[in-house]
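In what follows, a single structure is set out as structure tokens and then discussed.
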Amino acid sequence: MDYLALYVTLKLALVTTVILMVIAAPIAYLLAYYRFPGKSLLEALVYLPMALPPTVIGFYLIIVMSPKGFIGHAWESLTGGSLLFTFLGITIASIIYSIPFAVSPMKAAFSKIDRRLLENAYVLGLSKRATFLRVIIPNSLNGIAAAAVLVFLHSIGAFGVLLMVGGSIPGETKVASIAIYEAVETMNYQAAGMIALSFIPISYAFLLLINKLNEDSRT
Amino acid sequence: QDKISVAVAANFISAFKEIAADFEDKTGVKVEATFASTGSLYNQIKNGAPYDVFLSADEERPALLEKEGWTHGTFIYARGKVILWSANKAFCKSATWQDALKNNQIKKIAIANPVTAPYGTAAKAALQKAGLLGTLQSKLVNAQDIAQSFQYATTSAVDAGFCSMSAISTPQEQGGCYYVIAEAPVITQFACVSKKAKNPVCAELFATFLMSDHANKIKKKYGYH
Amino acid sequence: MTIAASLKKRLKYFDVEVSFSCASKSMMVMIGPSGGGKTTIIRMLAGLTAPDEGQVIFGEEVWFDSARRINVTPQKRRLGYVFQDYNLFPHLNLLDNAAFAAVDKKEVDGLFDLFKISHLRKRKPHMVSGGERQRCAICQALARHPRLLLLDEPFSALDVVTRRGLREELKSLKGSLSCPIIYVTHDINEALFLADEILPVVEGKNDDGWMQRTITREPGEGTAAKGAREPRLSLVY
Amino acid sequence: MDYLALYVTLKLALVTTVILMVIAAPIAYLLAYYRFPGKSLLEALVYLPMALPPTVIGFYLIIVMSPKGFIGHAWESLTGGSLLFTFLGITIASIIYSIPFAVSPMKAAFSKIDRRLLENAYVLGLSKRATFLRVIIPNSLNGIAAAAVLVFLHSIGAFGVLLMVGGSIPGETKVASIAIYEAVETMNYQAAGMIALSFIPISYAFLLLINKLNEDSRT
Amino acid sequence: MTIAASLKKRLKYFDVEVSFSCASKSMMVMIGPSGGGKTTIIRMLAGLTAPDEGQVIFGEEVWFDSARRINVTPQKRRLGYVFQDYNLFPHLNLLDNAAFAAVDKKEVDGLFDLFKISHLRKRKPHMVSGGERQRCAICQALARHPRLLLLDEPFSALDVVTRRGLREELKSLKGSLSCPIIYVTHDINEALFLADEILPVVEGKNDDGWMQRTITREPGEGTAAKGAREPRLSLVY
């Protein structure tokens, strides 16, 4: 069994989740509470990765991250290394791929908070920042947890994008979904089946967790 | 621990696994392999994928890499043949593979993507030479590489699939039958070592091992000559 | 300190247009029919809604001046505001709610004793009754040492008995606080019981005749209804 | 430009969407209104495809849909044809892949309907079925539309599953996401770019539509 | 036709346990303190809640019998039920709402004329006032030709004037309908004005002394509050 691929998958999912939580929270806050010109454009942009085939995302990522692309080029002149086919590269890909799944439940949770609670916080002297940390976040824990679980699962399942920008390098970019693909290709059905099977309980547990969080937030 | 990473064309998977295992045993150098179609691997290398050694299924792409300065030189490591494989033994009762394919029972035939996989290109050329390409076009299922083509054939997802000779030495082959496609050009497979290999000594060591008698024996077992 | 305000605000069906002032240690009661603009006025004092025109002056400080484009944020006004509907933070227990913005967290215990909710300090807001919630909200506002206290119908959702109890507590508290208090109610009796000064607000304007008309109007008169959600109840008690 | 692949993609997305709407509605209804033993298991099962790598789904689909698999076998004895590598085959794959995206918004919309409206319908003599059609459906149009749009987008983006079970047959199973992958593999960046570009406006328009529907449903 | 019921139902804080009957063309008014179980009783008549024990008999039909395990669905009881809170379908205009389950859709026009909402027929429920919505709900129930009419505080959310108008309409309607009517209210005056029979329900039980006690209780007595959300208001009008 390809433990290395499972390890890379879980590491990728974990790193993606942690980073996305930090990135998505302010975006979700902006979308939930502010009106500004171009808001619906920003919103559509955030959700775009959900609506594009992973290969389209992969295609554009290759273009910008390849040594000739502007990000890849900048990265290479800074570090001397390539961005594509590295763990960092697939982390970036995975983050972009999963953004909508982080922003959407957080935005929903933030929107559900009673406006009057925020007003009370302002009257009590809290700045917007303090209100965000002391009122909005503690009252959105369900939504934030749901976002984290969704992103984690979605990153575990990422395939198309990673196939294009990852290059299946063992221990670095070869995640379990790609290992399964390769195992099936090489007709190593047993290995494919083992990895595939190992996903079912993990995913299942997380899904039960999501449902639980949703029910809790409803009451 | 020393290690090298090798990009391997999909037709060579089975042979490679055995060779790599022996190499690891003998030298203690770990071999990490990535399998895909030749075109796909070439594309990755062009975009900066950090492979130390590239085992292609054709002559053209290693040559291009040499021209582009990725490698110092290329060498032939195997010659392969295209076969037409079926899980159904009745398929091989016809006199020729052309007749077998003309049978109306045949609904689907797998072929590796002719653009990215040299074995696919060769199979397509054979079909064309036999004048069958037009009539069979609607029955062709495009696999991403030669390995997927064989996989479709072994699961009976297709009635027959163009594969490489190496497929017949795998456990999955048991119970099937095949025609050798003589009309398909022999495929000359070239390899090359990256200039930027992280561990040039080990990479060269592997290249040498690949051409050793020991390795040749394994290649022969898998139908390469 | 004295709060003085002169406010204009265009609403959908009428305009708010009032002026008033209220000194330290005194209580002004705003009264009037539902939808008359009382909450809107309170919100303009708190800085949650901006008037279209006018000034809000607190002592020497200018909180709002449309001409000079001054609008001090709610945060900087340092006032206590008990909202018309419960506004406690659902993720905190009563004690943490009251201590949320307290100047000195130790004072909260004393306030809880005074309002007789000490035994509930560890409960979350949804685990206590409406009256207890509202008492906690008053503690929350007081613990901040507000310079001005705004109470928007704090007891309107409560039953008659609880309400009368809290009304007494509030009256006794008035003496010990040294800030102006502005209190909104529907209940004429409550107004008469608590007020140093009464400001009747009808369709956004000061209408001094409203109380008198409401009390004496003949029952069954069609037009009475709008201005009289609870027209005579107050008079009976 | 590979118009045929675009055509197959849109056809697949459309067919998937229409079929899934019909399948998902009763499932969402069941999940929204009934409590029964094993409900959370059913719910997790419905959401499972979201949490599994597409290659895992593809792997199991190959196994059951190949002529030796039990579905493929049944299908072949019924029709004499194969299920894999046909439009029908990728439609089934795409439906399974997108189920969660259909059920989830519908369930949310159904749950939001005031129970008392249903009680009123019962008192007025409507059967459960009639209530579903005359009260629940008309009051959930936003959620249903959102589900349709999501499924449509998600089907457009299906890649990993189709790569495994599709066989890339032009006009039949070669969808745009696979066409892009193949174009990139052959370094035909111009062709890849053309198809990729054509997705952006389509997806973008749909996303603006979703946002619009969400806003409408909030008011 | 006569509706006769004997009901037992365990609730969280008390048990409902009542028996009553009501004949065609007569109106029984249920009255009592908030949370006393009135809505629960109505729901058991409508078939929306199952009693723990008891019978509901309508004429010859058995709608519910715990002993014989009979429980006729709401659909088959063919009754009209105007809910305590507005229950119109938000996706339909008033006319379509009233015609939703009408026996003869043409009758709806006549009902709309009677209840003076003809001019609003094309409006959606959220575009009309609370009183107009509630009148439409009554039309919806009547258009079904119900065999029994249940009205659960249909006017409680309305202002005093609108309420009095609807009360009159209802009284005049009573004569023209040939079914039993069960009417729930908080308002003692309304009860006295409308009822052929009054059923006071306190903590789930029939309590015939409740009306008298509520009317004569001294103001300011602590225990009065619970039973008296609007204790004296009704008597003034």
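Going in written order, the chains are labelled A, B, C, D and E, and every chain counts its residues from 1.
In the analysis below, contacts are C-beta pairs under 8 Å (C-beta built on N, C-alpha and C of every residue); 3 or more make two chains touch, one makes a residue touch a chain.
All values derive from a computational prediction rather than experimental measurement.
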Labels of chains that are neighbours to subunit A and to subunit C: none
Chain whose average C-alpha position is farthest from subunit A's own: E
Subunit B and subunit E, separation of their C-alpha mean positions in angstrom: 81
Interchain centroid distance [CA atoms averaged], subunit A/subunit E, Å: 54
Centroid spacing, where centroids are CA-atom means, of subunit D and subunit E in whole angstrom: 46
For subunit E, residues contacting two or more additional chains: none
Where subunit A touches two or more other chains at once, by residue number: 62, 184
Shared-contact residues (touching 2 or more other chains) in subunit B: 144
Touch list for subunit D against partner subunit E, complex: 116-117, 119-127, 134-135, 138-139
Residue numbers on subunit D that touch subunit A, as the complex places them: 40, 43-44, 47-48, 50-56, 58-60, 62, 111, 153-154, 156-160, 163-164, 176-178, 180-181, 184, 189, 192-193, 195-196, 199-200, 203-204, 206-208, 210-211, 218
Interface residues, subunit B side, partner subunit A - complex: 5, 10, 13-14, 32-36, 44, 47-50, 144-145, 147-148, 150-151, 154, 170, 172
Of all residues in subunit D, those that touch subunit B in their complex: 62-63, 65-68, 81-82, 84-85, 163, 167-169, 174, 182, 184-187
Subunit D contact footprint on subunit B (complex, rising order): 37, 39-40, 42-43, 46, 107-108, 110, 113, 115-116, 140-144, 152, 155-158
